[in-house]
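Read the structure below first, then the notes.
Chain naming follows the written order as A, B, C and D, and within any one chain the residues start at number 1.
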């Protein structure tokens, strides 16, 4: 579904990504873990096109999307849940979800949208209670549920998640991760960037450890869990 | 590196464009005045060989109510064409040096210095915008060349203490005397409300009418002002005049603003005679007021909607319509522009030019003041229009009261 | 070696002065060379230079684009004309009164303008400009209404009455003085503080610079200069009317500054020359204003930095390569770096900072939950924890950037209410930011010197006139800043704009700038992020040196090995709560910490490591 | 009694004009914090085009009305592309104020060159009859402003609330990066906002020319007055802006009558300054929501 070869990204003097290769198939979760500032977020932004890579090739379902703008890639079925969530604070919960329809917003009938809403509210009853509230009044966990549902409502082929566990209480993190697992089961390919390495690897099939712009470790989740180099690389001990 | 060189490239391009623009105008400028290329017949015998006579033209082509000032400029152009058609002034063609003050006093001042020092004109004509004219007057005194004020009604710009400015215009004081005489005669009342726009034009007229009334121990029943460009609803102004028991309105707005006064009167169901001047004669008032303008009076110095009785006026109207395709939209400004220019040319011819700029300017001034002689203009026949004490050519009995009758401004039977 | 540098710098300054004087000498000969037409244009250029130098300070330094300054020129003009025609006072007294009244009205405009900012700022100045214009049209008794005031007396000294020549020379002297004032201001701490508040209000506040006071000074100078030039114009042309200073004139003033190059001392001169001569050259009748508008647009589009700005950015890299002042060697005596910062005597084990029960909400997000913390004086106290744990929020609350909903603070035993960044900075708490907030327009040295602005604040007047006292404090500031740059081991070019600094160096210079405020407590937000291994080594050495001289440091960092090597105590935050405080070894092996970081289930295996 | 009613009614029609132009400002300011300082000139253009098509081109009234509005809308699209996009660099970038002022100067001078300085009034389909309410008179052609503005306001609110373009507009106002992530180009949304604002200006101008004279120099004063309305109301509140426009129109009439016609103008700008001192975000500005609908 998604193949990244030799991806390089530079911000002025900083060399954020130095040649990264990632593979992802339908319905598969791949975790990208690593310490802060290792280049994880840059990777997701490069895939969606928010950042223009300096070198390397990104292909979605065999089609190159390396230099495609964010809104075009998004309409090819790639949804990103950004770091810090980026809800539309001054829009209501339902309006946020309606934005998730992307370009199809004009063609989707009211009834069809209502059906989608039911699916979302069924999965996250708390959003049902707060559906007419303005998004900025929601708690951290609720906002995470909202942006996740918003990203899924357009039935993307590829879902990019940037640290969904950020600032959430452990029980809520578990709830979110359970949902991510279900989404993968339903066929969406998920690239999960996460700091909580163990939690990410518990639901992902394969994992990549990123450190200072390079992929230092890569393999199946179980292999990585027992590899003590992972903890050392993780805690940033150089 | 690409972005950086891109920027330098655009910088280079811009510099080239600027140079081209400046050169193009500069070229045009220094090569000779890009003035109104008077379409003198090429075949005139050797007249072109002599230096052209330069006359400055200060206009307000841009900005608020530019439609009136265009008439002044067109009147002068017709005068220049006529003189050049007859071979110019003793063989030398007249050339206009045109400058636009943009209704900005600072620019008006720099234009006077431009006329006097850079273009070295013999004399100049202009003075439509009252405030700009007031700013220009002291500078004209410094630069010492004759300036013909052809519209601005503000008395101060052509006082006896100002030797170098001459007026072929409706001086607000004289207009007010004429208007009061007219109102007393035909409406036998002195209960006059003055509604005026808050510019130099309106303010000058209001002050003049108040002075004229006070001379007779009276006072205007109401004096209300409005902003020509901004105000669209005059209900308050009209209502205050009505409450003051006014029986005649002395209206000094520009074009459309007078129309809004008519609308307000119509809404208040209050009909009293209205006496105005150039602003009322302009088609803007009629455009807004439509049939409400019927029967309103406008003090003018000429009227081109009727067939002309005076010979000069006939020729002037024919030439004007030929050149511009329509009759003047504001009669007084066009007529005053023409007569002002012709008097200047007559003075130049009579004074005879020695070639020394300062002496010639002095000579023209003295000729204007002393032996200008008779001049039969569009407005009237003048016998020595100016004297050293009085620089205003238009006196109380050279006015022409006009009235709006079924959409056209015609000469009123009541004078 | 140092003398050579000083001498070459001295040469450049001397050359500048000679060129300046030569130019003024040439211009002074003007009246006898050109006729009154060009003299009037030169006079107008002088008038615009005076006002626009003031506006250049406002737009270029303080970043306030006022589109209403023609109103202030009008006030100066009308006050002096009214007093001189009505009461026959001499020109010299009425001009002063005019300037004072412009200052008063300017202050009235300044208060809402500085508070508003953004597009509202321009709207306020436009509204003021239009109100002044309307008042002048209406208030006949004072302004003579739309016909204005005529016959204004020309200035006189003894028997001599000023004609155009005299007025031109007078304006030439005043505009030269105004340009000199602007140059001095740019080289003073007031000028630097203005540019600091313009570029990064938060960073400036963290150095104890109060935005309102600094920007008000800019407004005051521009109002006085506008009033002065308005009065001179009125008396020179002995006529003044409301139309002379209307909305279009205000736009023209702003255009002159932008066209010349905002923030460049010579900008207004070039701008004024173009704006005054252009209408004279474009004497075509049709579409004249359209071309004028077109050129205005082209300049904004193609030359955002203005003519002088673009030339400067084109020439200065070449100039610098050609006249490269080689960098100062690290001064030979780093050890006894004199007490660069007034660190208090070790407060006998009593904690420098105590936080109790701090709560902070962002709408629905509960960012800080019951945070209580003690920070020992003269130690390095690190805050660690996963992303979004609330570390930066805590730092922002301590430094006064955010206000906390609950909880109280004690600093050196006294209760502390962190009302604002500048207030907290004055109490000796300095900070750096997660993302670099250096002042790009200022040079590296000037950036550090802005840190000293709070302490060595010489008067505005002294700065404008560059009095000896102010010069001395400038020298002192320069010395201290060089010492601080040596302290952090900065070897690069100290005169180049901070925007050209490599990323790692930016962090170090930001620390030097924070140290310049002589703090007793330094808050560092991820200083090592983006640094190379050698730079981290340098940072470690610096922190040890600082702490040894009694400074206390609160450090947020993700490089665990760096934290382990340098911290005395470590506090771990997770999900807005403190889950543990203790020595680095203790904390980094605590199972709860690892669980918080790695998000491992209660997997016994990993806990053993 | 009829005097007060008369003052109120005649003030109302002028107030409608101010409201219509100010609405144009709010549309663009809400989306990316910029507005077109040459909005006044756009209104003038709408009026001049209307007069040109209807009177000189002898096109039917409604055809010329639509043409005028559309042309001005498309022109504003171009203005956004050239004069706004390059300069819209975050919160307090100011260059776009100057670039749009320059555009205003160009529009006014080109209009003068093409149309000449004359004033013109387009005959209104409502004719010139007078409507009398309890003694107070108002022309039908003036009175029709009220329903037109009401309809436009309702359309605008429905547009914000119901249509997805309105939703996109509000989303762009709230968080531009999030909009890009949602597959919508925020530049396109800003361009649409400017076109709508141009449309409103065109409609305002065309409507105005049915009762008031339009000439090339009416743009700037109208633009400045409408900015005051937008500031008074708080730019992100369409209902507040229409209310502020009407209040302003009516109070101008009453101030003129009961205080003095001379100080009427100063009252407006004095009020603006007072508001800016006391509530800089405007009287009806709703703090939280980006667009108060």
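We adopt the following convention: a residue touches a chain if its C-beta (ideal position, glycine included) is under 8 Å from a C-beta of that chain, and two chains touch if they have at least 3 such contacts.
Since this is a predicted model, take the numbers as computed values, not measurements.
**Student:** Measuring between mean CA coordinates, which chain is farthest from subunit B?
**Tutor:** So the farthest one, by centre of C-alpha atoms, is A.
**Student:** Averaging over Cα atoms per chain, report the distance between subunit B and subunit C in Å.
**Tutor:** 52
**Student:** Could you grab the centroid distance between subunit B and subunit D? Build each centroid from C-alpha atoms only and quote it in angstrom.
**Tutor:** Chain centres of subunit B and subunit D, defined by C-alpha means, are spaced 35 Å apart.
**Student:** Just curious, how far off is subunit C from subunit A if you go by their C-alpha centres, in Å?
**Tutor:** The answer is 41 Å.
**Student:** In whole angstrom, how far does the Cα centroid of subunit A sit from the Cα centroid of subunit D?
**Tutor:** Measuring from centre to centre gives 43 Å for this pair.
**Student:** Spell out, as numbers or ranges, the residues of subunit B touching 2 or more other chains.
**Tutor:** Answer for subunit B, listing residues that touch two or more other chains: 61-62, 198.
**Student:** Two or more other chains in contact with one residue: find those residues in subunit C.
**Tutor:** 138, 288-289
**Student:** For subunit D, what residues touch not just one other chain but two or more?
**Tutor:** 109, 262, 265
**Student:** Go ahead and list every pair of chains that touch.
**Tutor:** Touching chain pairs, listed by label, are A-C, A-D, B-C, B-D, C-D.
**Student:** Would you tell me which residues of subunit D are touching subunit B in their complex?
**Tutor:** Residue positions touching the partner: 3, 6-7, 10-11, 13-14, 17, 109, 112, 116-121, 128, 130, 136-139, 212-213, 215-218, 221-222, 225, 249, 252-257, 261-262, 264-265.
**Student:** Flag every residue of subunit A that touches subunit C in the complex, lowest number first.
**Tutor:** 12-14, 35-37, 83, 89, 136-140, 142-143, 163, 165-170, 173, 194-200, 202, 226, 228, 231, 234-238
**Student:** Using the touch rule from the top, collect the residues of subunit C that touch subunit B in their complex.
**Tutor:** Residues in contact with subunit B: 35-38, 40-41, 44, 137-138, 145-148, 150-151, 164, 233, 237-239, 241-244, 248-249, 279-285, 288-289, 291, 295, 298, 302-303, 310, 314.
**Student:** State the interface residues of subunit B toward subunit D in the complex, per the touch definition above.
**Tutor:** 61-67, 70, 198, 224-227, 229-233, 235-237, 239-240, 255-256, 259-260, 263-264, 266-269, 283-284, 287-288, 290-291, 329
**Student:** With touch defined as at the start, can you tell me which subunit C residues reach subunit A in the complex?
**Tutor:** 363-367, 386-390, 502-503, 529-530, 533, 558-561, 575-576, 588, 597-601, 603, 605-606, 609
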